[in-house]
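Report on the structure given below.
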Amino acid sequence: MTVLAQQIVLGLLLGGLYGLAAAGLSLVFGVLKVLNVAHGELIMLGGYGAYWLFALLGLDPFASLLLVIPGSLLLGALLFLVLFGFVVRAPEETRIKNSLLVGFGLALALHALAVRLFTADDRSISTGYGGAVITVGPIAIPVIRLASLLVALALIAGLHLLLARWRWGKAIRATAEDWQAALLTGIDIRRAYLLAFALGTALAGAAGTLVSVGYSISPSIGLEWTLKALIVVVLAGLGSMLGTFAAGLFVGVAEALSAAAFGGPYREVIGLVIFLVVLVLRPQGMFGRAR
Amino acid sequence: MLEIRGLEAAYGDVPALSGVTLRVGAGEIVALLGPNGAGKSTLLGCVAGLVRPRAGIISWDSENLLAVSPHRIVERGLAVVPEGRRLFGSMTVEDNLDLGAFSPRARAARRESLERVFALFPDLRTRRRQIVRALSGGQQQMVAVGRALMASPRLLMLDEPSLGIAPLLVRRILDALVEINRAGVAVFLVEQNVRAALTLAHRAYILEGGRVVGEGEGPALLRDAYVRRAYLGPLAAGG
Amino acid sequence: MRSPGGNTERAWTLGILLALGLLAFLPLLAPRDDVLNFVFLVLLSITLAQSWNIIAGYAGQVNLGHAAFFGLGALTARTLWIAGTPVVVAMAAGAAVATAFALLIGAAAFRLRGAYFAIGTLALGEILRTTVGNALPEISTLPAASIGAYRLAPRYYLALALAALSVLAVAGLARSRLGLGMVAVREDADAAEATGVSALALKLRALALSTALAGAAGGLFAYYHISYYPAHPFGPGWTFDALLMTFIGGVGTLQGPVLGAVLYVFLKEYLTVRWVDFHLLIFGVLFIAIVLIFPGGLVQAVERARGRIARRSGATT
């Protein structure tokens, strides 16, 4: 029983990162109608950013968020201007397909680049406080992972506030809902797209940082995290950042339960199966909007 | 103020507008009438910058509007209340109105504009924090008009504002339009409710099959034989 | 995307088949083993690319789980062949299993439109890879006797035959009712349905053909390699390879995947020396350029360069 509870807690902690990873993808897809399958690679890059800041400058990973997040914002803006800005010119149906393909090419290129620059080895950040654990009864909660969960929650709450109160946050939501009406209202939707994509990338970078300190990174984690993010987005549907976070927690716990029931190696499969079931049973329901 | 000359537009191979010429002067209320599919919405779409015409000129204060992107057209002083309202349903009344004042020029006058909208539509003040989706059709229409007014326009364009609205609320909205006009805003009204439109319009054009087939002063057209037969008879829409 | 058929394609079909015919004489010249291995890889790639081309280029569905069928074919063929079944029968069985699986999920899968079909198949591929990897974690090695009896020639000729088969399949498809129907569905599914074309039936048939070829290619892979991890042929890399080769060559054409495969394998082998995945970086960038600028791939680029405007009438115009 204790082992199960322990696994569930760990799953919950990981699920928070799934939620954060998914939030960025969800924002981009909801606003730009673009499915960036290189999202996982952006997470990977964020992780390497934090890793090298730690390895070369000794910067604590949680502190390096202050650098990784703005850096990722800029990277996102750049990727939009150079790449995805062209993809959004197509009408919605073609746009999704093109974004899938473009994202695929980008993922390949980024992955190959990372292998060249960083080698294919697994890397992880080991801080002095790395082994610290909070014990609640029989359950051990790793401090780093708990802190990561809290940071993830804070970032998502922050994004939620940004979208609710900030003038451009509202403009982003308006563009996501009805881009033509947004134009008629005087909103420069291209700038809304740019902001949304940059924010999405920033969230990915932050997620990567948290992954590098609590878990491990390598150039190959891209596909894995893209899939995780996709699973959570499909489950949660579009529109609510907090809902996405909750869905992330759900997937984390589902994985833990599945590992307990079917054995460790099958942990990954349950998420994918949930994904397929939801996708097939409600293909429009999750992604589609009620028009 | 708004000059349209020889406008041609098409959807693929299907022509929508052929050689349309019309104008809206400062302080006027101009109505655009015609049956379904005549091209009225297409025309508004061209002015708003959402539809690209094949040929023709659209000029506003002597500036070529065709070279201006849609969100900048709002900045120039033209605001549209689109057909079906196209509000941001998941957001509150206040947020929708607030977004209406998005362009820099409108932002500066935001507070005054909001007061004016609430003065015109007191219902909205009490409902300001409600989610727009939950409002009735008529209330949503008020929000839509309000949102466009928040842009501090000199020309307000409306596409079928009376569609699907209870007659009492239609009355209120049309009365509001008269008040808005009296405050100096020109109004370009696309309407199927011909009688109501001609009652408040100074001038009107009739669009059929993408062509302007008639124009004249509001009261005169109300008495015109063709208009009466085609649009005001017992089988005509609206009224 | 263009519609199939036409004299150019017929010329290409003959040309490619001729080239393949000439390649049949290659082993007789007793070249170095690595030359034969290289050509083998090209031939396998051609088959894989053409198989993906059928579902993507002609039926218009981006299948990101293609490796699943390649893997199933490999798994089935390997198991049967090691147990004593003649290799051609084993490969055919591999193709059959792959196709059966495809048809099983096909009806459900095709309820998903466009991008959702793509990510759905991606998830499916990963599920299979993980499951097989967990169920069969041990490396699969041929028994000692087979290793001693290993000859490259039969594998080479099987690859040649399969590549020729895939080219013929695509060529025949272009002109068949199935092919034209697929183009109609791809161009405008609603209009096609209105004229009595069942979109689902067509897509399923395309899927069957596509996965049969992929399964056969998998069987070939299983026959060729002395040892490998059973989960390896299920890896997404195989799907991506097929995607890249087809798109860069020219999706929806007959010669595109062939050209793409040749270019891809050349670059991969040539560039691997100094930077292992460098070819992927290049192809990633090239791929993006193709999606945004030259959707028709190399084939389109070459045609434009020659100033030829190939106007092909679609089935629905």
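As written, the chains take the letters A, B and C, and residue 1 is the first residue of each chain.
Simple rule for what comes next: a residue touches a chain if its C-beta (ideal position, glycine included) is under 8 Å from a C-beta of that chain, and two chains touch if they have at least 3 such contacts.
All values reported here derive from a predicted model rather than from experimental measurement.
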item: Category of the chain touch graph - line, ring, star, complete, other; value: line
item: Farthest chain (mean CA position) relative to subunit A; value: B
item: Chain occupying the middle, per Cα centroid; value: A
item: Centre-to-centre distance between subunit C and subunit A (centres being mean Cα positions), rounded to whole Å; value: 32
item: Distance from subunit C to subunit B - Cα centre to Cα centre, in angstrom; value: 55
item: Approximate Å spacing (C-alpha centroids) for the pair subunit A, subunit B; value: 42
item: In subunit C, residues with contacts to at least two other chains; value: none
item: Residue list for subunit A, restricted to those that touch at least two other chains; value: none
item: Subunit C contact footprint on subunit A (complex, rising order); value: 35, 37, 83, 86-87, 93, 96-102, 104-113, 115-116, 223, 227, 230-231, 263, 265-266, 268-269, 272-273, 275-276, 279-280, 283, 287
item: Residues of subunit A touching subunit B in the complex; value: 167, 170-171, 173-174, 177-178, 180-189, 239
item: Residues on subunit B engaged by subunit A in the complex (per definition of touch); value: 48-50, 69-71, 74-75, 79-80, 82, 86-91, 95, 98-100, 102-103, 106, 147, 151
item: Touching residues on subunit C, where the partner in the complex is subunit A; value: 62, 108-109, 111-116, 118-120, 122-124, 126-127, 130-131, 133-134, 236, 240, 243-244, 247, 275-278, 280-281, 283-288, 291-292
